[in-house]
Amino acid sequence: MSENSIIEVGDLKAYYKTRHGDVKAVDDIGFFVKSNEIFGICGESGCGKSTLIKVLYGLIEPPLKVLSGHVSIDINDKKIFLKYNNDVNNIKKLWWNEMSYIPQSSMNLLNPTAKIEDQFIEILRKVDKRTTRGEAKKIVQKSFDALGLPREVLSSYPHQLSGGMRQRVVISMATILNPKIVYADEPTTALDVVVQRGILEMMRELQRKSNNTFVIVTHDMGIQYQISDRVMVMYAGKICEIGKTDKIFQTSTHPYTKLLIESLPRLGDKSERRSIKGAPPNLLAPPKGCRFHIRCPYATQECIEEEPPLVEILHEHYVACFHPLG
Amino acid sequence: MGDTKLWGINSLRAFVKYLVRRIVLYVIALWAGLTICFFLPRLVPIDPVTVILSRVTATGAFIDPETYANMRKTLLYLFGLEGSIQEQYFNFLSKAIVGDFGVSITVYPSKVNDLIAKALPWTIGLLATMALISWVIGNIVGLLAGYYKNKIMAKAVQIFAIAVYPIPYYVLAIIFVFVFCYLLRIFPLFGSKGVGFKVSFSLDFISSVIFHSFLPALTLFIVNLGWWILSMRALTINLSEEDYVKFAEMRGTEKKIILNKYIFRNALLPQITQLTMAISTIFSGAVLTEFIFSYPGLGQLLWMAVSSSDIYLLMGITSLSIISVTTSALIVDLVYPLLDPRVRYEERHV
Amino acid sequence: MFSPSGVASEVMSMNYPLLETINLTKVFKMGGIFKGSSFRAVDNVNLKMEFNEPIILSIVGESGCGKTTLARLLLNVIQPTSGIIKFEGKEITKMKKKSEILEFKRKVQPIFQNPFESFNPLNTVSRYLYASALKLQIAKDKEEAKEIVNEALISVGLNPEVLDRKPHEFSGGELQRISIVRALIPKPKLLITDEPVSMLDASIRMSVINLFLKLKKESNTYFIYITHDLATAYYISDFVAIMFRGSIVEYGFAHDVLSDPLHPYTEMLLNSTPDISKKWTGRVILSGLELKEFESLGCKFWRRCPYASDKCKLTRPEMIEPKSNRMVACFRYQ
Amino acid sequence: MKNMKRSVINLRNFFLVLKSDVRLLIGVSILIVFIILGFILCHFSPYDPKRWGQVPRDVPPCWSYPLGTTSLGQDLFWLLTFALQNSLVLGITVAAVSTFTGVTLGLLAGYRGGYLDEITTFLSDVFIAIPSFPILVMLAALFLGRIHILMLALVLCLFNWPWPAKQVRSMMLSLRERVFIETAIFSGFGTIEIIFREIIPLISPWIFANFINTVLVAIGAEAGLATIGVSSLEEITLGTMIFWALRYQAMFMGHWWWIAVPVVTIIVLFIALFLIYLSISEIFSIGGFKK
């Protein structure tokens, strides 16, 4: 694995226990995230990407269950090694001080009966109970100024803010304590394009300024292309491909990534785009071998029988495919 | 920010509209209630004047026709039965508004207001205290039972609330009478003041009042408590699923803060609305409870009126109930917007 | 494509545009405690779809721009506050006779954004498919209805067995296809589709979009494609109308509008789209004043517009035609 | 979505739900026992329970008189079956009439809008604001304890239609905006079909829950009136049983069973009804309940 990795995950299996059986949302995967980068995780709905970062953040509530896996988090040169079955609660100690989580944008993430400044003060007091109102306010004002958010937001109630402004407030909440890792799960879904761009740019700026790590999950390939440094593509609970964003979008090597990117319409290009035939498999009973083989035009007998391992085919470019495309 | 005020004015205008609508509703409900009060007795063939006069003649005293006619006239005046039905109606309404409900038949010539004035403090004292105490305690218990819904204690509380809430006030009152007054003989059965006590501020008097009003208070408390626990628990469970509570939990926020600032504060407003809707039920429950415990409030008075067909007393009590229930609901509804920041603060949209 | 009634109406209405709106406006009143305030969801919209050869017209805008309200107005499920909607020359809000309304439903059909909300969760999908054949008088009897429905299902690659299933037993993609099949049963002239692919996964999105293109070519169906996604709009449409805060600000051929935008808002939209062919450059200005934009006296975009002048604040720009086949509501081109 | 999937009431589902929810199972079982007692068993009564002196007075519960007898010489067991019948008939009548009226008005107001809507909304607001109990007491008192039970039912209906009307109206308003209604419209269904086949099935759990709640409210109101002696005292209901027991000082004469029978029955019946109401509300996630 890489030298400057901040998160290293191995053997991770997280299933949803349901009446019909186990939904194998994340099935035996391992990867690493480098420090000081924006790491994107993408894939279609139900590929396990949201489950994955929930598990990474330690939000494990029934019916979700982690069967195996370990993660080591390297914060300020202190390595924290955790086994999921035993030490989940140790992750929670890092919450918000060392790592934070931006949930899917919703109109409803802020307490409707408290002013924005009070919600910030509450967070700052979590670190130091003696923080006075005045001190806390100063810290928040400074960070608002830096992000270009109007100060009058602080004395407002959430219902007085627009959806985009609320999500910007949420992001500044997630970064006010300067955590080393910020997870974001579809942070701009349901927002308008212009607002979406503004928020993504704000996140990128925050990351560049404080040199921390952002892990962004989104199904929108366009967003990944615009802001992530490296991208991981998931399919049916497995990793297909990890690599530098530009590389992935220019010359993807996994057939799924390639077909997916080819199917996306682009502005200024009317040439025919085709969907990938078929549909993603049911994760209650995923197919044997490569999980994409049913929809893959390049599949061979080997793909049906055996599961391709994730291998580094180029420097820092990982692919799980027996027949990677040139 | 030239036109940020636009929204402010808009919502202020909307708020005024809400107030006006609410007050109009109040006036009409009041008027409709009082009108029913006025017309119902007139649909039933009992003539109060004849009832009183026959009571006088029944004593055997001789009354000459002229005196008899005079008495009749006076009684008609006192009972507001002079003139056409319209005149009587407007007369009744104008008097009811200032709280004048005429003269009682049973304890003639006591004025109905005086009788009510004597009973009312007892009822209000009992009802308001108990409604408030059970609201506060029920909300706290319900909050905890909802947030820790999987704990055994919480389940026990839930079973208690489900078992207690559907019991009507008077049935619980009967059970308490049976257990405490008959089986255990701890509490007296009649009246809130021991015989011979006069209203005063002595310690004896106060302790006696508390002693005598304990069981009616307990009845009101327990039934109301069940209701507030159930509705607060349901609210808490719903609110715990809200995105902002989940987000606070994700931040590792202390449970104490989540319970207080995130759930309790947000549950309070709907609980206040519930209180408005419950006022009428609590009131009638209190009246019935008082009756069972012979507590000298409106309940006792109502029973007296019912058992002696004292129409004017009955009309007085009914009108007063309507006035007080609708008014208290109005007050809560008017206070409510002041507590809700979504109404208190104009839309700003920054 | 042979339907006697279709031929008759085509001949009759050759002089009219297929669809036309004149100063179409819808004002919503806010409920609850804020009763009394109101906003213009659709503000003076003029659209025209000529009856020459089938086209796909995209209406592009962000959430809250009134595009869904516009769709519902065109479908005659809500009534306009003012203005006129004409379909084949007839005012649709004035249709009273049952036969007229039936005729309208046979010619205009909707497809909605969320397939799971398009069907009552309690019923099997067959209920709606058969009804579309029988109640709209496409089939004479149950036998014929069955034939039509089966044929339609097979044509979009679905097995007729799916008829007995309830909505939650489908995947999003399958169910959206069912909802397209249902809309196709009466062989409509015009399909009004409101974000039909935004709930679908990227890998299957294009199959639905390509189906629309096929229908346009093979069945002479006209489309109104309502979306926030510029890339699919570019891919699918012949004409594009850009909608902002209830008004249409720019209109023209899809290629022209989306490669050479005239209105500053269109420009901003294009620059903000996370397209995979071009990385973003520069930064965007965000305002938090979205709702107030509905209330502006002048141009609704002036607060965010880099070119705004005092005139823009006070006067509402009219639609003008600075180039042939291009319409824009902006003072810069006067 | 998830909730709506479950909100189909048909017999098979009903039994499935019954099995999965203990509270519903308890509630329904108790109710069935009471219905059997009140509607079937009462026909086997060996004597007219209204008549006095049919059996020895003041006998505590024993083999021949399982619930004991009253000071008036009535067998409490058979008295109870008749009381249950009358109380349940009253409750069900009031619930049926007021739920039907309320739901119909609410549906019409919500679907048609306009003046009908304004009037319905305003009337229901006014009726909800007027406290019903004092007026009931006054009315019943004027009849000197001989009010006809139907008259009482009628007045109870008057105060119980506004709530369902108001609720159904607001549900109707939100359902009317749902997309699947538009699918139904464009599939060629008419208004009546849409109301009956698309909308009513979705609100039927609420209607049923409200019905159960109204049964409870109506029986409770009658019993409350009876307790202070203003119901129709010649009829046998759960309330009048309490009244006569109190009137004859049953508690203080040591005839505890006389008062215990109606009191315990009311409590058990109400808890059963409430359990049904509560579990239906929760299964179909209907927010909020009222007394």
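In this document, chain identifiers A, B, C and D correspond to the written order of the chains, with residue numbering beginning at 1 in each.
In the analysis below, a residue touches a chain if its C-beta (ideal position, glycine included) is under 8 Å from a C-beta of that chain, and two chains touch if they have at least 3 such contacts.
Since the model is a prediction, treat every value here as computed from it, not as a measurement.
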Length of the shortest touching-chain route, chain B through to chain D | 1
With centres defined as the mean of C-alpha atoms, identify the chain lying farthest from chain C.
-> B
At what distance in angstrom does the C-alpha mean of chain D lie from that of chain C?
-> 49
In whole angstrom, the CA-centroid distance of chain A from chain D equals 54
Quick one: chain B and chain C, Cα centre-to-centre, how many Å?
-> 55
Chain C residues touching 2+ other chains are 288-291
List, in ascending order, every residue of chain D touching at least 2 other chains.
-> none
Multi-partner residues in chain A (2 or more other chains touched) are 150, 153, 161-162, 165
Touching chain C in the complex, chain A uses residues 44-45, 150, 153, 161-162, 164-165, 168, 190, 192-198, 200-201, 219-223, 225-226, 249, 259-261, 263-270, 272-276, 279-280
Which of the residues in chain D come into contact with chain C in the complex?
-> 1, 4-5, 7-8, 178-180, 182-189, 197-198, 201-202
Residues of chain B defined as touching chain A within the complex | 242-244, 246-248, 250-254, 257, 261-262, 265-266, 269, 340-342, 345-350
Inside the complex, what are the residues of chain D that reach chain B?
-> 23, 122, 125-126, 128-135, 137-139, 141-144, 216, 220, 223-224, 227-230, 242, 246, 251-252, 256, 259, 263, 266-267, 270-271, 273-275, 278, 287-291
Taking the complex as given, what residues does chain C use to touch chain A?
-> 62-64, 171, 173-174, 201-207, 209-210, 228, 230-232, 234-235, 255, 258-259, 268-280, 283-286, 288-291
